[in-house]
Amino acid sequence: MSKIIGNNLPDMPWQEKPAGEHMPVWRYDQNPIIGRYEQKRSNSIFNSAVVPFEDGYVGVFRCDSRSISMDIFVGRSKDGIHWEIEDEPIKFEGADEEILTREYRYDPRVCKIDDKYYVTWCNGYHGPTIGVAYTYDFKKFVQLENAFLPFNRNGVLFPRKINGYYMMMSRPSDNGHTPFGDIFVSQSKDMEFWGRHRHMMSPVRGDESAWQCTKIGAGPVPIETDEGWLLIYHGVITTCNGYVYRMGCALLDIDEPWKVKYRTKDYIMAPITQYECMGDVPNVVFPCATLSDAATGRITIYYGCADTVTGMAFTTVDELLNYVKENSL
Amino acid sequence: MSKIIGNNLPDMPWQEKPAGEHMPVWRYDQNPIIGRYEQKRSNSIFNSAVVPFEDGYVGVFRCDSRSISMDIFVGRSKDGIHWEIEDEPIKFEGADEEILTREYRYDPRVCKIDDKYYVTWCNGYHGPTIGVAYTYDFKKFVQLENAFLPFNRNGVLFPRKINGYYMMMSRPSDNGHTPFGDIFVSQSKDMEFWGRHRHMMSPVRGDESAWQCTKIGAGPVPIETDEGWLLIYHGVITTCNGYVYRMGCALLDIDEPWKVKYRTKDYIMAPITQYECMGDVPNVVFPCATLSDAATGRITIYYGCADTVTGMAFTTVDELLNYVKENSL
Amino acid sequence: MSKIIGNNLPDMPWQEKPAGEHMPVWRYDQNPIIGRYEQKRSNSIFNSAVVPFEDGYVGVFRCDSRSISMDIFVGRSKDGIHWEIEDEPIKFEGADEEILTREYRYDPRVCKIDDKYYVTWCNGYHGPTIGVAYTYDFKKFVQLENAFLPFNRNGVLFPRKINGYYMMMSRPSDNGHTPFGDIFVSQSKDMEFWGRHRHMMSPVRGDESAWQCTKIGAGPVPIETDEGWLLIYHGVITTCNGYVYRMGCALLDIDEPWKVKYRTKDYIMAPITQYECMGDVPNVVFPCATLSDAATGRITIYYGCADTVTGMAFTTVDELLNYVKENSL
Amino acid sequence: MSKIIGNNLPDMPWQEKPAGEHMPVWRYDQNPIIGRYEQKRSNSIFNSAVVPFEDGYVGVFRCDSRSISMDIFVGRSKDGIHWEIEDEPIKFEGADEEILTREYRYDPRVCKIDDKYYVTWCNGYHGPTIGVAYTYDFKKFVQLENAFLPFNRNGVLFPRKINGYYMMMSRPSDNGHTPFGDIFVSQSKDMEFWGRHRHMMSPVRGDESAWQCTKIGAGPVPIETDEGWLLIYHGVITTCNGYVYRMGCALLDIDEPWKVKYRTKDYIMAPITQYECMGDVPNVVFPCATLSDAATGRITIYYGCADTVTGMAFTTVDELLNYVKENSL
Amino acid sequence: MSKIIGNNLPDMPWQEKPAGEHMPVWRYDQNPIIGRYEQKRSNSIFNSAVVPFEDGYVGVFRCDSRSISMDIFVGRSKDGIHWEIEDEPIKFEGADEEILTREYRYDPRVCKIDDKYYVTWCNGYHGPTIGVAYTYDFKKFVQLENAFLPFNRNGVLFPRKINGYYMMMSRPSDNGHTPFGDIFVSQSKDMEFWGRHRHMMSPVRGDESAWQCTKIGAGPVPIETDEGWLLIYHGVITTCNGYVYRMGCALLDIDEPWKVKYRTKDYIMAPITQYECMGDVPNVVFPCATLSDAATGRITIYYGCADTVTGMAFTTVDELLNYVKENSL
Amino acid sequence: MSKIIGNNLPDMPWQEKPAGEHMPVWRYDQNPIIGRYEQKRSNSIFNSAVVPFEDGYVGVFRCDSRSISMDIFVGRSKDGIHWEIEDEPIKFEGADEEILTREYRYDPRVCKIDDKYYVTWCNGYHGPTIGVAYTYDFKKFVQLENAFLPFNRNGVLFPRKINGYYMMMSRPSDNGHTPFGDIFVSQSKDMEFWGRHRHMMSPVRGDESAWQCTKIGAGPVPIETDEGWLLIYHGVITTCNGYVYRMGCALLDIDEPWKVKYRTKDYIMAPITQYECMGDVPNVVFPCATLSDAATGRITIYYGCADTVTGMAFTTVDELLNYVKENSL
């Protein structure tokens, strides 16, 4: 029995594993939880980040508008399932107009460190890079410097300092539909200057684990366990008809998280339902956030479906750790 | 209140806007109106052109055969919804065997000017160009010279001479799946020699209106209004899994139609139903014809779905003009 | 009335042609017969080969694992519809460890010649080539030398020697998603050394038969008829959103099978159902095996659907021969 | 003995064929005649057009500046060999500011028809197309409408009306380094509206004449002879290290010049000297103009070398006609 | 008259501007100064960095071996022209084996700040990034952390802290022959953690300054002048036969060096000699280092030629500043 | 001291190693020995095969015609340096018109086995494959079956049976400028049916030996030595400006020649002269034949230069074996 190091969240959304289910992750039976047109001007609402907040939940949502402009919005929910998303995108404050100038924003993650909620996202600054901001109340957001030079995507913070450093995963990219991509960990004393970049893991070439042969990227903020950091990530294969995005997980060393102790050879979830296989980008499941309950080990995953709608799925820390150990590369 | 300049067509297909619909265009609830196998040898029936004729409707239909040979066929309907399509493609007459020789034909539009019905289509002549023909009765079709040199697609006439010139929009292309494309207007005194080519509009790079960032092309014959020409067009974005075709509209200057007064930043319709997202080319809505009723301002759009079947959608001149003005680039 | 030269198989799976069906091949109404998760660790079960064996049926199945590792497995069925697939992939014996070393294996065919069941498949050996093995009992499999140098796919044997030679069709390829491909016939006296390579047929460029304009490949083992070898094959077109795989057939000279007597201009089957159009690779029907009954001329086709699940379809020798003669290129 | 239909030009640059020369075209022994830095701000001076004028010669020269901006300039020479090129590019006058607005200009040809000297060039107007202007004196240039829609290059006029129509060759292209390209002929009554487009000739696929397998384009203004129009053109092959541009010639029907009577299978000139093989674009000979002397049948060719400097070469009408007849495709 | 802020270097290599030279930079008349085979195992010696040291000069040289392995070597010279290059590449010391592990090293720059000589280079660490080391004596080199995540090239330091920060230019890239690339400036307090990334300048699209339309990259360490930082950089255009690398310069704000005051529209030097146009990569001039003499304003540029040999060229601060002001974008 | 197993050839072309030469292979000082225009209709004469014959030498030469048609021709020489090449290409006799039909022929090798001279070449048969023929007298050539299916190039025989089998190296390819390629060995009892294909060696990815990172291919017929087969081969790297072809060598096991005992990490020869770096395909040295003298160990290499002319270079068995052992991968 593994343990999540964290808070209890007894009322978070949850469904038991269905009888006969042989996969370690199972879907919410009312998926998708957020439809494409549920925000005032949205074309799609998908890769989105959720955290517990006050007596309910708050999230930062990627809503592509009907002009297919990508931006991020605050949403609120009592139960984590039914969401009210604001009509206007987040407005950031900050020191330098150069950094505040919006090109585009997408694929947010939210990470609570001490009393701040940090938002990281793919931020356009002469190419995609990692934008960073913090908020206490999801009303005022202070934008810091971009963490890295372009081209980068999938910047995900660890939820506490490790050996005195903030740590962020990211996936260096190019300026298009990037047919490659490894995960690195970078370190910072102050959330402004980053260095000590360490390579964490690469795609797997060849037949051994081909679902993650084109590129990989960190998903939700890692979950601390007594065995290490539990990371859920996405992997991509290139078929003759395009990319397929699936989910895997890894267990990282607790002190040097770029050291991978276990990593799934088999995926933990793949696009198979109509809402995952049909949409603006077919065949995508893309996890961006989890809720977890330390008492029971339950984990609820929020994930984007076909770059169009938002789904929810469930697992437990034991399911994932057993699976990754039995299926490790 | 804007006005359509044209005929009344009180019995054309129509459904009121559903309650709760927030988009300016809504689908016929019995879509698709023409299935893929409804013609003798068809694989698919999609980008097709419809006009009122005698006491009903007539159309020129793109039917790809089961050998995936592209040709155009006459179809007839009493109500604009149920169609009988001929088994044999249109046979053209004309002056020069060189021009009459068929390579392939697709994506027809029909435009009534005075007493002639002009058909324009993408015509293979050592590359795709714009074929032109006319008919009085949809039985005898006289083919004229190709309007332009290859490579060109989406040739769409204006329904009357403007300042003494026939005018045709077109979208210069290459010889493949063209990842670029602007709309131009060309002019002719005689439907044979064309010149005075003017650039009308380009794709929109970047985040501002990304659904139309790869290429655009004119759709149905423009509708004359008291505020200018109302043009419905398609726009394309390139995702990692291919193209998505959506619809927008623009209001053009009545005398110099290459001057764009308003143009939609947000799309007016996108592929979201199963018959638009699943088929030979997923994620395509492609408008080729409208019917309109001057008395009520109603507009019925015929559009191809997933390059496989034919759908119908509804709007009004006020819906579109209000939308384009509020959402203009 | 044409005749199949072969055994009777009166109990093989069969459904009569539905009223109103205008295509020469029709689907089993309970398709798909094998789902993606029906084997212990499978992600998908699709391009698979079936033969009558003892009092039922046996098959060699392509099961991609949840790590998307491609391998081939034995399955058994009483009725040809309900299948039990083994948990472990086929283990091959043979003379040379170099050849036995597995890189990847996929798209098997099974061909009975005399008393041996030969399995051919796409075999990784520094690139894809054609692996060859035989079995008497589907328990012990002896692997022979690879038939050809890389890069090759779709190696399909004829079910008897012709003029003293074993004959195998194949489709020379490259090391990726090969955007070209012709079918050749190669000859061997001993199943080990191959030569006398003859070109059989090419894709069809242009509008004449565009569904097979990108590449083609042999499907099931050819069926001997009194008019020649009946070959079912796949053809591929490249749309702006990827490949579409359809089925055609050809009638080959009985003694020089690289000579094509008739070949379908129109396809005989195309992906149109949800299980063929949605999946890991949308828009694929890929035939790999048939059962046939000489007494009635019935033919049952096993085919992969969307590279995800396995379907079954029906036709007769008369349906196909009439169709190919009326529709020949 | 063939005859040039045209003027005598006894003093034009000329050198006799060297002993031992086995090619039908031979180089000026002082090549290149114009170096890359011979104009005030030029980086290169190459694809350029020359005509007899008054008591000497005048030309329109492509000079790429040291910012690699492409524009066209007037040059003057007493002997056709030593040139003075103006410091400022040609300034055009004309009716419509939209057409006069310069994007870029390159690869000019000059064609005298009656008393006007027409200049055609590759003109940027939302893509490359064919600019047209005329001058009487090479001081005032009146720009007409662009002949065609983009994308087009290598627009070359015939030096008189044929059957009452101006005729222009061109090579439809795409918006990049175009890996394809056929020559067409278009017709006009007024130099403004163009139509009756006819296909003249295509690249030659395969081994038969591979130097012209990628694309071809008209070179100098055709030379009228008693056997038809003599056209010198360029052809391009794609090697693993880029394009190689060579020269060929064709004899066209005098009344329907899109009908090719003879066309060289073997090239007439290829890049082999250092100034043709080394430069901004290695391995290019690109002919844009000729001078010819009816009395002797002599022809002097001006051609661009490696997109960097200008060369001169010599031949005769008999050399070319004999060669094209003996080597015809 | 502008002034270089820096040391006098009266004996550095120098030749006066030749009579008739109209370019602002002129070549050493004995170029190349270092041939391809002048080091024990070298295939080529080109993009290399030189500084004054003790009573002569020292440099860090890119020598590609005859296995085309890229590494960097120390060289020494009395006169800056004749060089002795060590047989063995630089061996770095440092804190972390992970960082010290060599994948490949190329394109070094050397920058003296205070009493340390910093070397920056393109360093393979799961993709190209910027390696950083320092030395006092060119014998012992201490390697620091890589400055950035991959993919990056052309990391060039400023020769002093600015407003308390070390500053480094770099050019984010992809993992191949990168067909794009802007220059950014990044800041650091400690040479280990970097941030406050600012965009400096982009390639210039279109006809305005096409020699730098594909990508640009910083060249030598900037030269401080009384008008700002003088930066020499390279720019690349893509022709149909590959890339051409040329040189330009810019004047940067002295305190916020990402602000560009002037930037050359015309290049200052282009490959035109045989040793620049013929070699392993034809048509490349690539500047990596300068020597300068404050007293006279003289500047000597070391540059790679055709990725094969090393050349030297001369200019003055006045030549460049006058040129950039007169030719500014 | 190693020994060549073979005949003495005391009068073969030879020059001693120049003083100061540090490479193991040195050029003939009168290179090139055959110019591009030395055959009646040739554009280029390059990748060509030479053997001793009667009292002099005979060769099979690749001559691309001035139409750039690729074919192979017999040439004769008294001294191995001065050659007379026939005007007409080789006409083959044989059993099957299908095989005899010429598409294109290039890159011949000649291998004497017993009393026959076998010619192998790249032969067009619905794609490039390996043509095989034999002659006794270089007058009558009997063409056998193609050895393999397309796509293949660089088929090179071993000069005797090994363990009872003819053995041929080849390099499976695709249908274009193939950016990959390994060497395999195939076996045959009868020169007609081939099998037992074994992988010999691959390109070397990464920095270790990048000159051979894109593809490799066998060069001349291997030379038997007392230490194994000495193979000279070519290797290719992809620069931003195209391919560079260099030469290396390997020592193969005498009985199982797919087993590589040593292989050069450093190249043995690279294009550096003008006739190797300038021509139809710059930067190519491509070896196709050697002469060797067992008594002295001398080896003379014939190689193509820039796909344009033919050069000769010298080495000895000791030079190569010492080099490959000291430089082995």
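Each chain gets a letter, A, B, C, D, E and F, in the order it is written, and its residues are counted from 1.
Methods note: contacts are C-beta pairs under 8 Å (C-beta built on N, C-alpha and C of every residue); 3 or more make two chains touch, one makes a residue touch a chain.
Remember, predicted model here, so these are calculated numbers, not experimental data.
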Minimum number of chain-to-chain touching steps separating subunit B from subunit D: 1
Those chains which touch subunit E and also touch subunit C: A, F
Chain centre separation (subunit E, subunit F; CA means) in Å: 42
Distance between the centres, which are taken as Cα means, of subunit E and subunit B, whole angstrom: 55
Geometric centre distance via CA averages, subunit F-subunit B, whole Å: 59
Per-residue overlap in subunit D, given as positions that touch at least 2 other chains: 241-242, 274, 278, 282-283
Chain-level touch network, classified as line, ring, star, complete or other: other
Chains that touch, pairwise: A-B, A-C, A-E, B-C, B-D, C-F, D-E, D-F, E-F
Footprint of subunit F on subunit E - complex, ascending: 36-37, 41, 43, 65-70, 103-104, 124, 177, 241-243, 274, 278-283, 307
In the complex with subunit E, residue positions of subunit F that touch it: 22, 206-211, 213, 237, 239-242, 244, 265-267, 270, 272, 274, 277-278, 282-283, 327
In the complex with subunit C, residue positions of subunit F that touch it: 98, 125-127, 129, 145-152, 170, 172, 174-175, 180, 182, 184, 186-189, 192-199, 202
